[in-house]
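One structure below.
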Amino acid sequence: MRSMTKSTRQIQIGQVTIGGPAIAIIAGPCSIESEAQFLEAASQAKKAGAHLLRGGIYKLRTHPQSFQGLGDPALAIAESVRKKLGMPLVSEITDPRQIEGMISIIDVFQVGTRNMYNYPLLKELGKTSKPVLLKRSFSASIEEWLLAAEYIESSGNPNVILCERGIRTFERATRNTLDLSAVAFVKQHSTLPVIVDPSHATGRRDLIEPMSLAAIAAGADGLLIEMHPNAAASLSDGHQAIDGEDLARILSRVEKLGQAIDRPILRLA
Amino acid sequence: MRSMTKSTRQIQIGQVTIGGPAIAIIAGPCSIESEAQFLEAASQAKKAGAHLLRGGIYKLRTHPQSFQGLGDPALAIAESVRKKLGMPLVSEITDPRQIEGMISIIDVFQVGTRNMYNYPLLKELGKTSKPVLLKRSFSASIEEWLLAAEYIESSGNPNVILCERGIRTFERATRNTLDLSAVAFVKQHSTLPVIVDPSHATGRRDLIEPMSLAAIAAGADGLLIEMHPNAAASLSDGHQAIDGEDLARILSRVEKLGQAIDRPILRLA
Amino acid sequence: MRSMTKSTRQIQIGQVTIGGPAIAIIAGPCSIESEAQFLEAASQAKKAGAHLLRGGIYKLRTHPQSFQGLGDPALAIAESVRKKLGMPLVSEITDPRQIEGMISIIDVFQVGTRNMYNYPLLKELGKTSKPVLLKRSFSASIEEWLLAAEYIESSGNPNVILCERGIRTFERATRNTLDLSAVAFVKQHSTLPVIVDPSHATGRRDLIEPMSLAAIAAGADGLLIEMHPNAAASLSDGHQAIDGEDLARILSRVEKLGQAIDRPILRLA
Amino acid sequence: MRSMTKSTRQIQIGQVTIGGPAIAIIAGPCSIESEAQFLEAASQAKKAGAHLLRGGIYKLRTHPQSFQGLGDPALAIAESVRKKLGMPLVSEITDPRQIEGMISIIDVFQVGTRNMYNYPLLKELGKTSKPVLLKRSFSASIEEWLLAAEYIESSGNPNVILCERGIRTFERATRNTLDLSAVAFVKQHSTLPVIVDPSHATGRRDLIEPMSLAAIAAGADGLLIEMHPNAAASLSDGHQAIDGEDLARILSRVEKLGQAIDRPILRLA
């Protein structure tokens, strides 16, 4: 049993490296709801130890009448909070026509699970040089996921970070089925860094800690965790959000486990 | 057991009605490859009894190096063949920015299985009045599929035709698993017409006839069948394409079955 | 597109042939609850046009506290009703040790979806000469299903009837996803007759009629329909059971459709 | 986020406790092929640090012509090797009629994935007091798995150990999809200990190490690893088997990770 693990491409986002020996943490609310809410969430995320901030400007929702994100008005909020805290920002893009407005404000374009097959969008993102966080479609084979990354790369942008977030199966106790074998597989057969989103994968607060630990043990290069300063009041996906104290506790356990397998949590200068 | 079948909304495309008592047939090649190829395919489709012509201008392909459709140059071919044969044209849209170029040339916008969750695209199509053929995502629940239709309708366009084309399951003998219960379910719980694509659902030439018959028996309002004048030479998806003679034979059996359950094949004046 | 449909092996059960040009109907309650209930159900099934009677003596239930069938006491009821009505009886076997008690009373051993992989049971049934109705496991590939049949055949019993009853997928609107492509596939690649159970496949009364029609259109050699004289009072699976009048109405539509494709309903002398 | 983890029932097998703070390791070949092969495999497993020995006497194989295990002749081999090495033995039971021959020779009855729904077998095992290792069916929901355990418990035997071994999904890069969320879920909502089989879950030698680590991180109480002294020559499932040296290396990494999260590997006196 020779180790066939390929060396992982390192993606640089400001001071943060994803794909190096150290683990990177992305945290924040599903949606930006107001400046106060986002600043509070971001501050909690930073205090808990997150390196990058997450916040949804544009949302894809199954129900056309559900809250779809603040949209354009959230751009200014995002810019202001990002500057105040000095944290790089990850935000989802849902339409190629949003690139222009987002590109100077965000640090990583997130492609959501429903857009992994949106090849025109991937090609457009491939023409930029911004890092792209490519979530696996909940119905994509690993092969399709890697080929979607190739759409971005072959358009000129090598800065792709994969994100496993659960696949759709018959199981109903969890929102999706987190496929950690896919993480280990990708680490061995691809050079792309891969992170894990335990929040959307499980849809359950109580599984975020064990699945965060398991993700790092399986080889993930980082975590994307949904966090809300007041989880109960969150306008979207609140049932799976944790607060800043929860996040700090989870990260301290992740740190302990990571040290044992030579995956320390990233320390910024 | 009361019949709860809702009355179906009728969508008018030129002389063709989808959602009435009669069954409509859409046929044609996966991709427009050249004027000669498309004209030949279209002529065969018309001769075999198809009412609408199908032909791909823009294609979404899993591999970035696969043939992606001719793109813009196919627009003129599409226009020319449509005019020559006097048949309405159904073609897939993969990016909201294609609406402008396509809207005067095609009669039905097809939204492919990978774009069912592309809500920005659906909203843009909802601002037009062209009929939209909304394929079910291979991973969408029936509920998500109906809600995707609502994105188009609530943007102002009621002309939505659903299309079941197989879902992704563990089974590998067929390319996808054709879900005909979903067709029967939609006929009872929605007012939208629904057609079936047995070609992509099964990925096997030899299953197109039995699945076409079963689709009509389950209540489908029409069929979308991939047809290629020379199936072996087709640049994409040729393994599931049939030729014009095959199509004529299948339609004659569909007609016989349809008559027995009061679903005749549509006759144009 | 040459027809590659193999000729189907005909299985004889008393006067009833399964696998010939004519369609056979099996109907009856999920469980035998009492002599009065089973006689009433059987009489309704016979009157509605069923050829074989179905009735559960031993049941496999997910919950250990659910009603598990009457068990041995139902054997005498089964024998009595079968004799009174002169109809062959299909009943599920759940343990090889039940063969001895059942073999003189029932005409077809039914292997349920949860036992398709129970190879020791299949081998024992292969040592008898009684027809075996082999339900597909809800998680079995077509290949595994055909190989399970081979366990029975290679033990010496060629009298195998396949039964498609829905597979487990992500879809939740229906109890399972009825896989009619599998029926068409099996008709082309195997010599075994195949019937369809639309009741367990869909779990919904209102889908039994369209799925019965679709099954016959797809090539099924028969139907297995759950029927209860008083559906609301059924102790198990009542939500999908229809009554005798419903069955008669469905069969009259099946007959009409069948005639159009040369699959008449079986007429007994 | 209160920890809702229930305290886990401890199952005693000789000197080995499953469900306590320490992790237990079960290893050995898929099938007992000969005394020499099994003794060699068992010695390697013991040397590598395994606490319990695994060896198949009776096998369920998809193909009726595949090697089905040595059957009864393997009982004497099992007994001899178990005595020589002083290691408790885990072996699969496939038919209730095997209980009598196995009960004095093996220490844990393993119920394979294909028999999880074989309730008559579970009830019979519930009448013994031997520990039962209950593998999850590859198509079972977590709820069905816990209810299957209840069949054993409500028949009188509380000594149930759950084993997650991958579920069947659309993904084809791995043999099954290892569902570690299910492990974490079960730890929180049940009192039963749960172990993980990374060999059958992934079907790939190169994923056994990362998935073993991830399983322990997710909360598993132990591992069941397939090991073969000469993996290439194994008559069944050789593609996923590792040898003794591989196992030792994996366990040393598991130990390191386990210590960081207070899950040491079990030390026998």
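As written, the chain order gives the labels A, B, C and D, with residue 1 at the start of each chain.
Everything below uses one rule, namely that a contact is a pair of C-beta atoms (placed from the backbone, for glycine too) under 8 Å apart; a residue touches a chain by one contact, two chains touch by 3 or more.
None of these values were measured; they are calculated from a predicted model.
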Required steps from chain B to chain D (each step between touching chains, minimum): 1
Pair joined by more contacting C-beta pairs (B-C or A-B): B-C
Maximum centroid distance from chain D, chain identifier (CA atoms): B
Numbering shared by both copies at the chain D-chain A contact, with half separating same from different: same
Rotation angle superposing chain C onto its copy chain D by C-alpha atoms, nearest 5 degrees: 180
Averaged-CA centre spacing for the pair chain B and chain A, given as whole angstrom: 36
Touching two or more other chains - residues of chain D: 139, 168-170, 172
Chain A residues within the chain B interface of the complex: 60-65, 94-97, 114-115, 117-120, 137-139, 144, 147, 150-151, 154, 168
Contact set on chain A toward chain C in their complex: 168-170, 172
Interfacial residue positions of chain D with respect to chain A in the complex: 1, 4, 139, 141-143, 167, 169-174, 177-185, 187-188, 201-202, 204-207, 209-211, 213-219, 242-243, 246, 249, 253, 256-257, 259-261
